[in-house]
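Chain IDs A, B, C and D follow the sequence of writing; residue 1 opens each chain.
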Amino acid sequence: MSRVTIEEFERIAYERVPFVAQLGVIVEEIEAGAARLRVPFRDDFLRPGGTISGPVMMGLADLAMYAAVMSRIGPEELTVTTDLNINFLRRPLPGDLLAEAKVLKLGKRLAVGEVGLFRDGDDDMVAHVTATYSIPPQADADMAQA
Amino acid sequence: MSRVTIEEFERIAYERVPFVAQLGVIVEEIEAGAARLRVPFRDDFLRPGGTISGPVMMGLADLAMYAAVMSRIGPEELTVTTDLNINFLRRPLPGDLLAEAKVLKLGKRLAVGEVGLFRDGDDDMVAHVTATYSIPPQADADMAQA
Amino acid sequence: MSRVTIEEFERIAYERVPFVAQLGVIVEEIEAGAARLRVPFRDDFLRPGGTISGPVMMGLADLAMYAAVMSRIGPEELTVTTDLNINFLRRPLPGDLLAEAKVLKLGKRLAVGEVGLFRDGDDDMVAHVTATYSIPPQADADMAQA
Amino acid sequence: MSRVTIEEFERIAYERVPFVAQLGVIVEEIEAGAARLRVPFRDDFLRPGGTISGPVMMGLADLAMYAAVMSRIGPEELTVTTDLNINFLRRPLPGDLLAEAKVLKLGKRLAVGEVGLFRDGDDDMVAHVTATYSIPPQADADMAQA
């Protein structure tokens, strides 16, 4: 079971990470070790070629992974990304973006996960992300209690 | 000498990549193979812990590298990022962010570069980025003529 | 159906990439867009802590992805890695290593894939790799005919 | 001043990481936060196209960064790579390979660095690497005492 609810995570996103939240993120699902987020399409997301710009995808992926990590360790806001790697696979045409994040490894100090990004209604992945998060020390204690 | 001017690149950024431009990017310098961009601080860039959020840095770095590549190939808007890797080194306190991008390798089909991100007034790098860009085919022809 | 057979790929690996082949690689399966390779354990693979060293995993993953790309484009030896990103998730104890590679995107110029590395008999992934390969121009022609 | 000597590090490499050491690595210089290593050319390093294969470069870069981290924290053998990202920039023709590693950030738990790889006698970088290392807990204590 997730240690953070959709409502809790959306509140964290909108109140505490406003630059990212202004993407208009909707959290669709959080379960233990995984999260699915949606960003409804907006015209200002486009870049030359008529496809969605990379930073929209990077912001969404980072937030989706933040949710997936919190699903395991609880709402530890001080968890921070230490590195993120994105491969852009296909140029997404206008449409909602979906991010499906899952935790590959949860350690005491680091969590590693991957995120697949999709255009709604299309099975072909548009970008693949791996990212590592540093877990704050007191969260370790929480994990030990869990 | 750069094949794109500061004015040309700012126009491309603000008209053609509006989501990224709304960071409030200022292009400070473009020379052949390098670019320096600034993002003035705004409160909504902060994240828990009182530091600047990762997606602000990723968007800035991607745009800075786009400028550095155009400094070599001209204003080829269809140049796209194929992958980007960021290591977050230090959590930047409130302040302007600077991105210093340089091209490591310009090939016919791909350009690779690195970007150092700094908080204005502080010599310690806050994030390091490497990224690869795919150059549109007709730009190859331009390069051959150059 | 794969456009390269196990026998063809093992011959390429052992004759043409001898440094990597000396890992003792066994190609277990190649199908269209995917490959599974094994490296039987050897004592000299160990590093301090009694776990298998990173370069063994990187060499195996790179070769596995090379096989998966060839399964789609045929035995184009001049296909080269343009970038590779590895996240080490768990420290593998002595045992055979398995690499499961699959192509995420095959374009005309670039192929992108991911590789999961496992210790034989253990379901937990020990390392996750994404990598991009540049496809030689004449292979494009082959693909167009395919 | 480096907290590990060339002799100490070469002993660690040859006795404790034999698979990597069999590249024939020579440690040319270690100073605080930086290291330069050389791998003399061997025919079995080549791959199709007559250039040096990627895994040779990855193994060398990983070992060079391991040395650079030890230059700051001492001979903590249990320091492990958590992720490594390599961009291959140019295909190196036969010749010695040089790796120049430097630490970008040394934290209590993680160290991040970058490595430039060069063919001896040529100023153009052939590959660029960033990598993160996890520092064993007791090394933190050593650092606090330092």
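FYI, a contact is a pair of C-beta atoms (placed from the backbone, for glycine too) under 8 Å apart; a residue touches a chain by one contact, two chains touch by 3 or more.
Just so it is clear, the structure is predicted and the values come from calculations on it, not from any experiment.
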Considering only chains that satisfy the touch condition with chain B, which of them also satisfy it with chain C?
A, D
Which chain's centre, taken as the mean of its Cα atoms, is farthest from the centre of chain D?
A
Taking each chain's centre as its mean C-alpha position, how far apart are chain A and chain D in Å?
32
What whole-number Å value describes the gap between the mean CA coordinates of chain C and chain D?
23
Between chain B and chain D, what distance separates the C-alpha centroids? Give it in angstrom.
28
Multi-chain contacts in chain A, i.e. residues touching at least two other chains, fall at 82-83, 85, 87, 132
Sort out for me which residues of chain D touch chain C in the complex.
12, 16-20, 22, 44-49, 53-56, 58-59, 62-63, 77-78, 80-88, 91
So in the complex, the part of chain C that touches chain B is made up of which residues?
82-83, 85, 109-110, 132, 134
Within the complex, chain C is touched by chain A residues 85, 87, 89-90, 104-105, 112, 114, 124-125, 128, 130, 132
